[in-house]
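Just so it is clear, A, B, C and D label the chains in written order, and each chain counts residues from 1 on its own.
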Amino acid sequence: MLEDIKAEVYAANMALPANNLVTLTWGNVSQIDRESGYFVIKPSGVEYDKLTVNDMVVVDLEGKVIEGNLRPSSDTATHAYLYKMWPEIGGIVHTHSKWAVAFAQAGLPIPAAGTTHADTFYGAVPVADRLTKAEVDHEYELNTGKSIVRTFVNNNINPIAVPGVLTNDHGPFTWGKNAKEAVHNAIVLDVVAEMTYHTRQLNPENIEVPQYLLDRHYYRKHGPNAYYGQR
Amino acid sequence: MLEDIKAEVYAANMALPANNLVTLTWGNVSQIDRESGYFVIKPSGVEYDKLTVNDMVVVDLEGKVIEGNLRPSSDTATHAYLYKMWPEIGGIVHTHSKWAVAFAQAGLPIPAAGTTHADTFYGAVPVADRLTKAEVDHEYELNTGKSIVRTFVNNNINPIAVPGVLTNDHGPFTWGKNAKEAVHNAIVLDVVAEMTYHTRQLNPENIEVPQYLLDRHYYRKHGPNAYYGQR
Amino acid sequence: MLEDIKAEVYAANMALPANNLVTLTWGNVSQIDRESGYFVIKPSGVEYDKLTVNDMVVVDLEGKVIEGNLRPSSDTATHAYLYKMWPEIGGIVHTHSKWAVAFAQAGLPIPAAGTTHADTFYGAVPVADRLTKAEVDHEYELNTGKSIVRTFVNNNINPIAVPGVLTNDHGPFTWGKNAKEAVHNAIVLDVVAEMTYHTRQLNPENIEVPQYLLDRHYYRKHGPNAYYGQR
Amino acid sequence: MLEDIKAEVYAANMALPANNLVTLTWGNVSQIDRESGYFVIKPSGVEYDKLTVNDMVVVDLEGKVIEGNLRPSSDTATHAYLYKMWPEIGGIVHTHSKWAVAFAQAGLPIPAAGTTHADTFYGAVPVADRLTKAEVDHEYELNTGKSIVRTFVNNNINPIAVPGVLTNDHGPFTWGKNAKEAVHNAIVLDVVAEMTYHTRQLNPENIEVPQYLLDRHYYRKHGPNAYYGQR
């Protein structure tokens, strides 16, 4: 079942090592079929060079395995919660990409320091609230999802306009309309983390772009007046 | 038309990912035919591994498409303005290369901190004036070109001697007698940005080369007394 | 003799350059056969692209060569001592991987700054006591092993829970149940050193994960309640 | 003539891009035949992927071309002076490798911060005296050689024990008994520059190894009591 989505999720997972976003077996990508309410996700802890399309696991929004011989990613409950709360997204990526993790471990958001950021993220990429001991001890992965959604709600951030987050002490999650776009956003997030890390070292003050430049670049690529790329 | 230039522009665009200067679809190269006044530029937002020679777009100095099925780079108006104001240049490159962007986002010029810089850039690579809201809201890409030329004029910098600039909050543009030389200068710019970033961290003071060493290295490679390379 | 282990040790050694952990001939991997008490180790100073399975050297726990035409790694006595004192380990890796060396040269432990660290190392990776002149002048490699074990004993660290160390001014040693796992841990150690270096630059204070998050991630992958990966 | 040395010099030059030590056409390697007093060097400004064995140029110790159709490296006079003053060396490398250049531009020696350094360089790699205007204006490359030798003499450094130098504002030269060993030393120099840069950021104080550890590691690989590698 969901053979097309399995192929897309497999390709999107393989794009993670190809873009230097993962080490060893780390990272995972999923994509949802909104009709059935099932999503397809990478199995847990399998080496990328041994992964096949048929290893992809089909799960429902409670994280229950619907089809597949392998256990799904240990982060499945986080994916499920984001899909449940944000019906407008179709794909999710989690990595331990190095530059995004550096900010996540520092507990610092990635500010919109330039147009590279503004082209994809309409404002700073936030850090999700740190989980309490209770949230970590019990249903940790579900609570990770809850802390992400709560952070976006409390700070009035639109997850479509800012398609990524840093989980405190952990690493980035990104999303998009499908797995491919979520991978695109994971690539951009690590590049802007790298650039902005160096910008901060050069000039710690006042590195955010003016609002009008953020607007210009974001809307050059998004929305009805976008004029970047081919029609 | 302009088949030779299309081939050169295609090759120059493909040299960007080969030299790690671009991520995803970012970056663009153009080259002008001064006889016809037309220039050839990369189409907007096409993935490099899908790009072909025939995708190159021919435009005039007003940015109007003369030939080609695809939309030209969203930065076309910047290229056009530079070609119009600087008749001595023949090729232009724009990238979001990581080290040059770090300086651009910090709003800091790249000083001539060593002979690697002096071999190609006769002095610091400047940051173009930051655009106002009005300049960004209306004809942004044209105004980017205007701010570059204005910065060179106001600071009395010769664009042949310093064939590159950082646009504030954005990234580098470089140029040269043709697309190939503009790519060469884009490669050098990112390398010297990287080296000089680390030099600044080691020793924040007094990192500019003496004028006589700048002269020696620049004129070793440029002008009638150059003695680097083959005749 | 020990042909299977030779093949595993050869493969584990070749994994070092494949994972960018070594320059030139640096680094070495060994694995022990607990039944015979012999271990197999890389020969000293041989280039990786000339290395063959048959070059692997079999030595006993006094470091005496049992089989092989080449001299064993100059670090053999360190390996032997660790195998002797820690009967629960089966493989050892030594590298000069760049980020771990930076911490070793600085004499600083690598704190558990995030979940990437916590997944593999249950707490900070310590720096072994600096050797005295007498320890360096006489039986240097043996004394390196002794300083490692002493550091773990004195600081009450379990070498199974923290399968790695930085030797002061030198570089990392990691270990595991076999050579392959020791290489895995060497890869993770350098990645977390890199991430945590950048975290420290972003935010020098308070970068250690809370104990409950360290527990959660470590036990997600280790022990009877582990739920990461396939069964 | 000198066909064997041409082949070695060609291979050594090609090892520079293979080890990420050069960008574009930068860098050059030479090796001397002490019997004839001629040395073989890379031609000036030729792209590495177009270089052939037959492009190598034979010059004498005054820098006069003895054989070859191409102009020799613009740094030929520096090589010639070092060969003339240091009869014990047989090969020389010059690069603009990034980390060594960062220290050269900062005017800072690379201290012996760890055993990776001590294995190859018996003490800090010095910065040669900055050249005066007169020295740069007239016979610049010869004066570069003179400043290197003067720096070693004045600071009582043995060029065999410390086979490398940073030229101020410029970049590294390394040497060895032949071209291959000089390349080896160029590789090590950039790696130790990278490691020690990061060590300084982590801990700016007191990063030099104790003398007894420097002795131990250097003499483990060099001199009559060396025991690293195969006999």
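FYI, a contact is a pair of C-beta atoms (placed from the backbone, for glycine too) under 8 Å apart; a residue touches a chain by one contact, two chains touch by 3 or more.
Chain by chain, the UniProt names read as follows: A, B, C, D = L-ribulose-5-phosphate 4-epimerase.
None of these values were measured; they are calculated from a predicted model.
Looking at which positions face the partner, subunit B and subunit D present mostly different ones, since fewer than half of the interface numbers are shared.
Centre-to-centre separation of subunit A and subunit D, using mean CA positions: 46 Å.
Spacing of subunit A relative to subunit B, judged by their CA centroids, is 33 angstrom.
Touching of two or more other chains is recorded for residues 201 of subunit B. If you draw each protein chain as a dot and join the dots that touch, you get one closed loop, with every dot joined to exactly two others. Contacting chain pairs in the structure are A-B, A-C, B-D, C-D.
Here subunit A touches subunit C in the complex through residues 23-26, 43-46, 70-71, 74, 96, 98-99, 101-108, 130-131, 133, 136-137, 140, 169-171, 197, 200-201, going by the rule given at the top.
Residues of subunit C touching subunit A in their complex: 113-116, 184, 187-188, 191, 194-196, 198-199, 201-203, 207, 209-210, 212-213, 216, 220, 227-231.
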